[in-house]
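There are two complexes below, and they share chain A, which is joined by chain B in the first and by chain C in the second.
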Partner chain A sequence: MTFFSRPICIVALGSALAATTAFAAGHSEKAVADAVKARHAQMQMVGYHTGVLGDIAKGERPFDSAMVDAAAGNIAALAKLEHATLWLEGSEQGAVEGSRAKSEIWSDAAGFTAKFTDMQTAALALVGAADQGAVGAGMGALGETCKACHETFRGPKN
Partner chain B sequence: MRLIWKAIGIFAVLGAGLFWLITRPAALPDQVAIGHTADAENGALVFAAAGCFSCHAASDSADKTVLAGGHALKSDFGTFYAPNISWGPFGIAEWSLPEFARALRDGVSPEGRHYYPAFPYTSYSRMTDEDVADLYAYMATLPADPTPSRAHDVSFPFTVTRGIGIWKLAYLSDDPILTGDMDETLLRGRYLVEGLAHCTECHTSRDALGGIDTTRWLAGAPNQSGDGRIPDITPASLDWSVDDLVNYFTTGFTPDYDSVGGSMAAVVGNLGLLPESDRTAIALYLKVLPAR
Partner chain C sequence: MTFFSRPICIVALGSALAATTAFAAGHSEKAVADAVKARHAQMQMVGYHTGVLGDIAKGERPFDSAMVDAAAGNIAALAKLEHATLWLEGSEQGAVEGSRAKSEIWSDAAGFTAKFTDMQTAALALVGAADQGAVGAGMGALGETCKACHETFRGPKN
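Let's look at the complex of A and B:
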């Protein structure tokens, strides 16, 4: 080989390899990063509405049945969001900055879906809660569903 | 030349003898909690505070009382599998109370071998005789399970458990970390945090030998078993009020209504079984920690 053709060969092969890997990777970096942001937004909405209920249960906000029903209904609606656009392959913790998604989300997809169903059930149970006490009791059950999903499917803070 | 080899030989034997001496396991106590009537009801609370179920129940088990073992704890030194500690022949039914106490507080098996500190005896070393006796009485009421304990996945030199004897000289102590004037509630908080609840085992960083760096007490650590970080819970980072903390320990909700998860979910579940005064004591302890 001439003096230059060996380094040129190495660069060419290396680039081909990198390009193949990138092609095979699936979703683009931007796509998975955006999906992680969207999931965080979904959870922030859940947290906001849980706060409405929680403040009522704690007595920091006056009991208002319309607000209770709206908050509970919104949490149930958030629990029903379809997974296909949000939980993209390759968006687990370690693969994307900020993600805390554990790989069990994909290896145990049925279990993951079941947790959202439990959340929806617990949220719907709060619709029509008659007083502060009932909201408190319902919050207990809702909190258990949050905890159960996070225990298995969410990793530690980054 | 022969003389040099003789000298080396003598020193080697002396060295081995010295090593054997300083790594010897703690002796079995004669008696534990003399005159104390074991209280299995308190034992159930000790069981909750110490979180035995969280490691010793089978990974996929929802039943908090079947301590079949098998749960994997990944670390820089290998993967450890929690043993079966159910009350049966595959577990600990044949252990005496002194053997149980020595296991918990000195990290020594009934056969006289050192346990790996993946078992947090460096925290349990602070347990009182009475709590050990009560826990023993409670565990005797739990069901037996026939799952054999799984061998740890550890490579040489960590397979030489005798070496842990040296490690213990540096890292096994029952000295309190937080000292000074403390009322009963703070003392209880200290006993729970530094002892039974063994918070430091996750929340404090470790040095190269895997020992807790007490100069960074509860200031957070990388997750030993995977991604992410276990948070700093000293006042340097934790600005929650005592009420916020107690509410979190009771409901799992943070002040902004995020919910606890990961390994902490089981901790919150266990803390919920204790009297509220215990959760308050833990919160008060955390608030008086020096910010690091």
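Let's look at the complex of A and C:
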């Protein structure tokens, strides 16, 4: 027994270390898939609220300052959501179905966060917009922040 | 022409008033359907984050204070989203596909907002949870707030 116990222990320890490393660096397949779905829900909500503002800018909905402020405030809140739960390592495009997240999201986390801060700033600038024209102008600036992030951190269509 | 112009004007004015009233009280069919989808995305995100916390409470994910704080903070932020864009009048159950919103959401708007405030408070209480047990306890309290709102303001399954 003593003769064999050492290599068995080393193998067992090696497996335990490998499992721990995988756990620390990544997440379960389900956890990663769920995170991607939650990000899509986040983007869906951003899209909904930019749609409300876009409709107001185009005159397809009446200008309503309470609605504008709520839409802009909600976009800012969505831009401010914490990344730790949403942008799990191992959830990049190719690693999980539906993801278009580029690896730069993790290699340049500060740059990625800055894009969300830009979106938040542009959204908050729309709060208090005085009329349809102001919403249109603010929407242009907001749209630029969406585009800037997508160009840098979003991969091609799946 | 003068003889006919008055009734025509009255009819036209009547139509314009009717259209304006419908527009002010309600929203386009598409606007209402989009709001319901956005609410579902909001609830999906809340569900995702409570799932993360639930997994930690059950020991299915390792306790990680950064993850707990992010999940709790995001739930609080989602609970705080402005209602004006999401809970459009005319988007109650029966009026639009997929909705389970009870009419009490609009007849008791203050009570409805209070439920979201309760959720926010319970979520924020989880920030800084010291260990798995604390997450479990906090999750119990958070779950109660979900249940309380659903019991009062959510209709039966469609």
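Following the convention adopted for this analysis, the second predicted complex is superposed on the first by the 133 of 158 C-alpha atoms of A that agree within 3 Å, B and C clash if a C-alpha of one lies under 4 Å from a C-alpha of the other, contacts with A are read in each partner's own complex, and residues count from 1 in each chain.
Simple rule for what comes next: a residue touches a chain if its C-beta (ideal position, glycine included) is under 8 Å from a C-beta of that chain, and two chains touch if they have at least 3 such contacts.
Model, not experiment: these values are computed from the prediction.
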item	value
Partner chain(s) touched by A:G51 [first = chain B, second = chain C, both, neither]	both
Per-residue touch tally on chain A - higher for chain B or for chain C	C
Touching partner for A:A31 - first (chain B), second (chain C), both, neither	second
Touched partner set for A:G98, first chain B, second chain C, both or neither	neither
Which superposed partner A:G133 touches (first chain B, second chain C, both, neither)	neither
First (chain B), second (chain C), both or neither touched by A:G59	neither
Partner chain in contact with A:H150 - chain B first, chain C second, else both or neither	first
Which of chain B and chain C A:A77 touches, first, second, both or neither	second
Common interface residues of chain A - those touching chain B in one complex and chain C in the other	48, 51
Residue ranges of chain A in contact with chain B within the complex	43, 47-48, 50-51, 54, 93-94, 100, 139-140, 143, 146-151, 153-158
Complex contacts: residues of chain B adjacent to chain A	223, 226-231, 251-253, 256-263, 265-266, 268-269
Footprint of chain A on chain C - complex, ascending	23, 27-28, 31, 34-35, 37-38, 41-42, 44-45, 48-49, 51-52, 55, 61-62, 66-67, 69-71, 73-74, 77-78, 80-86
